[in-house]
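Labels A, B, C, D, E and F are assigned to the chains in the order they are written; within every chain, residues are numbered from 1.
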Amino acid sequence: MPLDAWASLGNNLSGAAPVKSVDLKVVKEKLYTAVLSDTLDSVGLTRQALGRSIRPLSEDLVMVGRARTALYADIYHVNPNENPYDLEIELVDDLKHDDVCVLCCNRSNRIAPWGELLSTAAQVRGAAGCLTDGLVRDIRSIREIKFPVFHGGIGPLDSKGRGKVIAIDVPVEIDGVGVNPGDLVVGDADGVIIVPQSVEEEIIKVALEKVSSENRTRNALRRGIPLRQVFEEFGVL
Amino acid sequence: MPLDAWASLGNNLSGAAPVKSVDLKVVKEKLYTAVLSDTLDSVGLTRQALGRSIRPLSEDLVMVGRARTALYADIYHVNPNENPYDLEIELVDDLKHDDVCVLCCNRSNRIAPWGELLSTAAQVRGAAGCLTDGLVRDIRSIREIKFPVFHGGIGPLDSKGRGKVIAIDVPVEIDGVGVNPGDLVVGDADGVIIVPQSVEEEIIKVALEKVSSENRTRNALRRGIPLRQVFEEFGVL
Amino acid sequence: MPLDAWASLGNNLSGAAPVKSVDLKVVKEKLYTAVLSDTLDSVGLTRQALGRSIRPLSEDLVMVGRARTALYADIYHVNPNENPYDLEIELVDDLKHDDVCVLCCNRSNRIAPWGELLSTAAQVRGAAGCLTDGLVRDIRSIREIKFPVFHGGIGPLDSKGRGKVIAIDVPVEIDGVGVNPGDLVVGDADGVIIVPQSVEEEIIKVALEKVSSENRTRNALRRGIPLRQVFEEFGVL
Amino acid sequence: MPLDAWASLGNNLSGAAPVKSVDLKVVKEKLYTAVLSDTLDSVGLTRQALGRSIRPLSEDLVMVGRARTALYADIYHVNPNENPYDLEIELVDDLKHDDVCVLCCNRSNRIAPWGELLSTAAQVRGAAGCLTDGLVRDIRSIREIKFPVFHGGIGPLDSKGRGKVIAIDVPVEIDGVGVNPGDLVVGDADGVIIVPQSVEEEIIKVALEKVSSENRTRNALRRGIPLRQVFEEFGVL
Amino acid sequence: MPLDAWASLGNNLSGAAPVKSVDLKVVKEKLYTAVLSDTLDSVGLTRQALGRSIRPLSEDLVMVGRARTALYADIYHVNPNENPYDLEIELVDDLKHDDVCVLCCNRSNRIAPWGELLSTAAQVRGAAGCLTDGLVRDIRSIREIKFPVFHGGIGPLDSKGRGKVIAIDVPVEIDGVGVNPGDLVVGDADGVIIVPQSVEEEIIKVALEKVSSENRTRNALRRGIPLRQVFEEFGVL
Amino acid sequence: MPLDAWASLGNNLSGAAPVKSVDLKVVKEKLYTAVLSDTLDSVGLTRQALGRSIRPLSEDLVMVGRARTALYADIYHVNPNENPYDLEIELVDDLKHDDVCVLCCNRSNRIAPWGELLSTAAQVRGAAGCLTDGLVRDIRSIREIKFPVFHGGIGPLDSKGRGKVIAIDVPVEIDGVGVNPGDLVVGDADGVIIVPQSVEEEIIKVALEKVSSENRTRNALRRGIPLRQVFEEFGVL
């Protein structure tokens, strides 16, 4: 399959058995978002990096895992006849090891869908972290338990009466980037990258090669070798 | 008085003697913005939390006090015949213990109405902190003296020739939330909550009860009990 | 020359020999952005401070140096026949001691023109820092080597296929403030100030005087003297 | 009931029989949004006017009717097992004479929930118009059949796969203003006003009186009488 | 080729001979942006419609043609040694019948790259219109000569010293939608659609069929048949 | 005086007798905003055109006159002890022939400082129009009496309790452009230009020459002469 055709795979929702062959531990130890972004660029997948508005709560924590998605809708009243947290609870109680909660709030800044209690529950289940374009609250407690959260802002507002989950494990978008259930989600101090599951093996392989080039480049630059000469030799910047 | 009617009380400017019966020390030690936000929500006061654009200068400082307001206006020249800081000086020199300077700049990002010198003057008078939707400057010095400031951004721009106080101790708005003189202002790492003075006693009482629920919930979640079961038991998320 | 006329000098590109008589070490040790902003204000140069959207990567690093500019353009494809980093490499390889790389991305948030490798190369050449309205990446490594970067956001996106330098050492704008090659650029925790080269001597001189006033003011305020009295004596706020 | 207490009534969802005693024809013929806004202001209901981002498709059409609401949620895929228009169809097929479709898209600009076909269906049922913060399409045809639409922008994007109705006849918000089912919605060239149902009788009565003052004021001004004198006499500006 | 794979074709820059078999006259007479948007949606090409910020200068003019692109860069000074309009002139002088000038200004609002003189020159050469995310000026004269312009705003600012073309006939983006040279550009009162050249034949064919369904739907709705019944029969909304 | 020095003159507030020698009738009949913008550019005054957010209420009306300024401040309550319209009334009652009311609302969208009644009063006094970055209301009536208004949006909100004039006849800014009392304000369908009073004679003279070049250019282009040839001959684009 030609690399150019990969762009369409992000929306692949076919029933084919998911390829979970990538070793997440290797990704976490050896790779980082910048090199993954460059690698995805190199195969024409240029829209996989979230923008500057999504930031880590703890810049020293790395998050690597697979997307478990929830789609929020803005609401404007409390319906006394329903549990507003129903689907949210269902998702969190079903979290598996290395899952990343991906909570799409459609860039709304009205709600904080994530906080300390959900962090605690998710961490107990081995989840790898949480990614949301909504707000996060209880930030000092979350930092203390070292649970990785990448968020669209900080604020104390509960979702009750303001937003509710209308679907889980469906395709969503965070900051304009599509995220499908099962996609590889990698976050560090520089931001967050979504690696579509269908191309992850190839991307990880190329990225690992690229990392060693960057190390050689850095060493050369430290020795004061001109940038032009270093770039010509290693092709990395 | 029915809780539904509270919404209108935010604008209560009647001359009735203010009820300052709440113990601010208890609020500072036992409560936090998230639980206050939930409590205000529960009585229909859903617009009391400032949004993500107002951030603490020092995330480890908590601010609890009563609003002393100043209303800024954008200006575009220096009037040589007046002291541009006149009302600002009047307000700061009149600050009492536990007062919070609330400087409304109408979300302007042209001025930094607050800096190290005013922090020093306010701290000497026992003020509890400063809340502004404008900018703050001299941030390293302010952090050093541990004076709590919640702000709309950081920048070195003096207000002279750009903005001036046109009224003090009047109703203002910060990030869309009304603040009346005397309102309870609570800020921590998660953000800032305005508790209208007329309802503060009731709110504090309910919030204190809610805190103990949350503690029990957290402990249950840490033991790995399913979220659904915990939520059903404690009703908190 | 009357001070009022200085406003027009920002665009002075005349061939007159640059006046580099200011001692950058003195600026770095004794001055800071807030006092420079006030001083520039006092001579009518009121648009020299960058706004709140430009932030330091490391709030404890100070940057003082002279602008070496690069102008980026957004692009939407990779041209296989050209080295996309050509002018960027030329600029960085030519950096002199105390130069500040000023990378104008026209407030674009699509690219991170700066990262660890360029920081390393610039630092080896004695550059004073980097100022950009674009993104920065590899932030943990940059912080580690203590290279000052003032940026418009954080993100992992390489410029390749998204932006390229179309000119170096030309006038640019960062956050609405004009920057000419050779202008004095000063950045600290409070933000960034551009001092036009033609007025820098005068500005530095006045700013140094202002600093000692502020110190006396602070001391008076700490002793609890009323703000009004202190302001009347020292004229500083 | 004191007028000050009205502010809380916007959220009144009690089962009390709706008071539909106001004659909509009189409102349409004699009143307009500016005078209604002033009247609502005068009783402390200062947040009932939509802002400048909501504009009429046809500036010469007036819309007066009662809110029938639909709440949209952003979605990011098509679910092949459901009719995406289900609730939307239910609402439109149930429209009564003088109903106004109020479609809350949470300020999303991804979808055009309204177009020519729905306008045709609504007009056949006697509906008074449509108000949405989303987009509208088929604008030339809608203008031709003279169906009033007040919208958040123009664009050809169908809602299928981008948004769907998750609830009808529930409280919503348009441009920050709460709209409850049954509220009076008035739109003209100047914008849109939401009159909470519980206060509409009083508001209409006061507004009608205010209109005649304005007419006298206008006539006086046309004769060249100084504004100050006219204002002192009629108290209107 | 499966329709799902089309998404990647937008970036197809291969040297294969362009398929210009579509009859533009038919598109102009029978199709419109709403039906094209729906048709593109139906094959998974969901990002081909420009958003609400791009508006027609004359809502009664339709534009159908092929993209001739120019990429602008923001600049901040006039270079006395070059003709700032060089590439712009080259593009306009080379316009062929049915070409659409697509001027990408990267959403900049600093320049009006298009005005009356260029409209006159383009119209003489038979060009179909102009699409830009920059500003347009001389709007009354352009409307008079009935030259279709779709723009990002209106303003009198010349590009000289503010922006210049850095490349022509290259891939660009307008309002987030990729436009390749030769792509079909269709604009009307509802907005603008970009049909990638590689899929245009199929899209036009399906769209023409969809149009007749819509006509039948409209007629049925006018007769008062319930929306649900009409939707079930024609599947169009 | 060298043209480069003009930039600083915008802030000239000296008491020297104003030079009102320009014939406003000539400006209105022969010039327009695009040619004035180009002329101001040519002498280095590149920040005199308002941006796309300020639009005419009636695109067929031209406004030429001298600025009479009012500076608004956002407020958040009604002070029962003062006439909120006091300074506004003073300004309007003092309007002279050819005056343009320039109402600076600091880009606030909370108030409509201008409406039909003030338009009527201003028109009676011979005022040339109104320019505001706030909202305007009663737009259909204002269009009917053909009073030129250039505004920042349309909305029914009265200023009472939301904003008030704090100074008249002082320097202000509209959309980032400084306006001093007495400056020449020119508005037409393309936008608004501020010509500083101190340079108006020179600007008008050069602009009149430029207009005849443009006419010759247009005629040449209509005859199909290549743009390059025409530009080389007339130097206008």
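We adopt the following convention: contacts are C-beta pairs under 8 Å (C-beta built on N, C-alpha and C of every residue); 3 or more make two chains touch, one makes a residue touch a chain.
Treat the numbers as computed from the prediction; the structure is a model and nothing was measured.
On a Cα centroid basis, the chain most remote from chain C in this structure is D. Compared with chain F, the chain whose C-alpha mean position is the greatest distance off is A. One simple way to say how far apart two chains are is to compare their mean CA positions; for chain B and chain C this gives 33 Å.
The distance from the centre of chain B to the centre of chain F, with each centre set as the mean of the Cα atoms, comes to 40 Å. Contacts with at least two other chains are made by residues 11 of chain F. Of all the residues in chain B, the ones that touch chain F in their complex are 11, 13, 71, 73-77, 79, 104, 106, 108, 166-167, 170-173, 178. On chain A, the positions that touch chain B within their shared complex are 83, 85, 88-90, 92-93, 109, 115-118, 120-121, 124-125, 135, 137-140, 152-158, 160-162. Across the complex, chain C is touched by residues 32-34, 36-38, 41, 46, 49-52, 55, 59-60, 188-191, 193, 214, 217-218, 221-222, 224, 226-228, 230-231, 236-237 of chain A.
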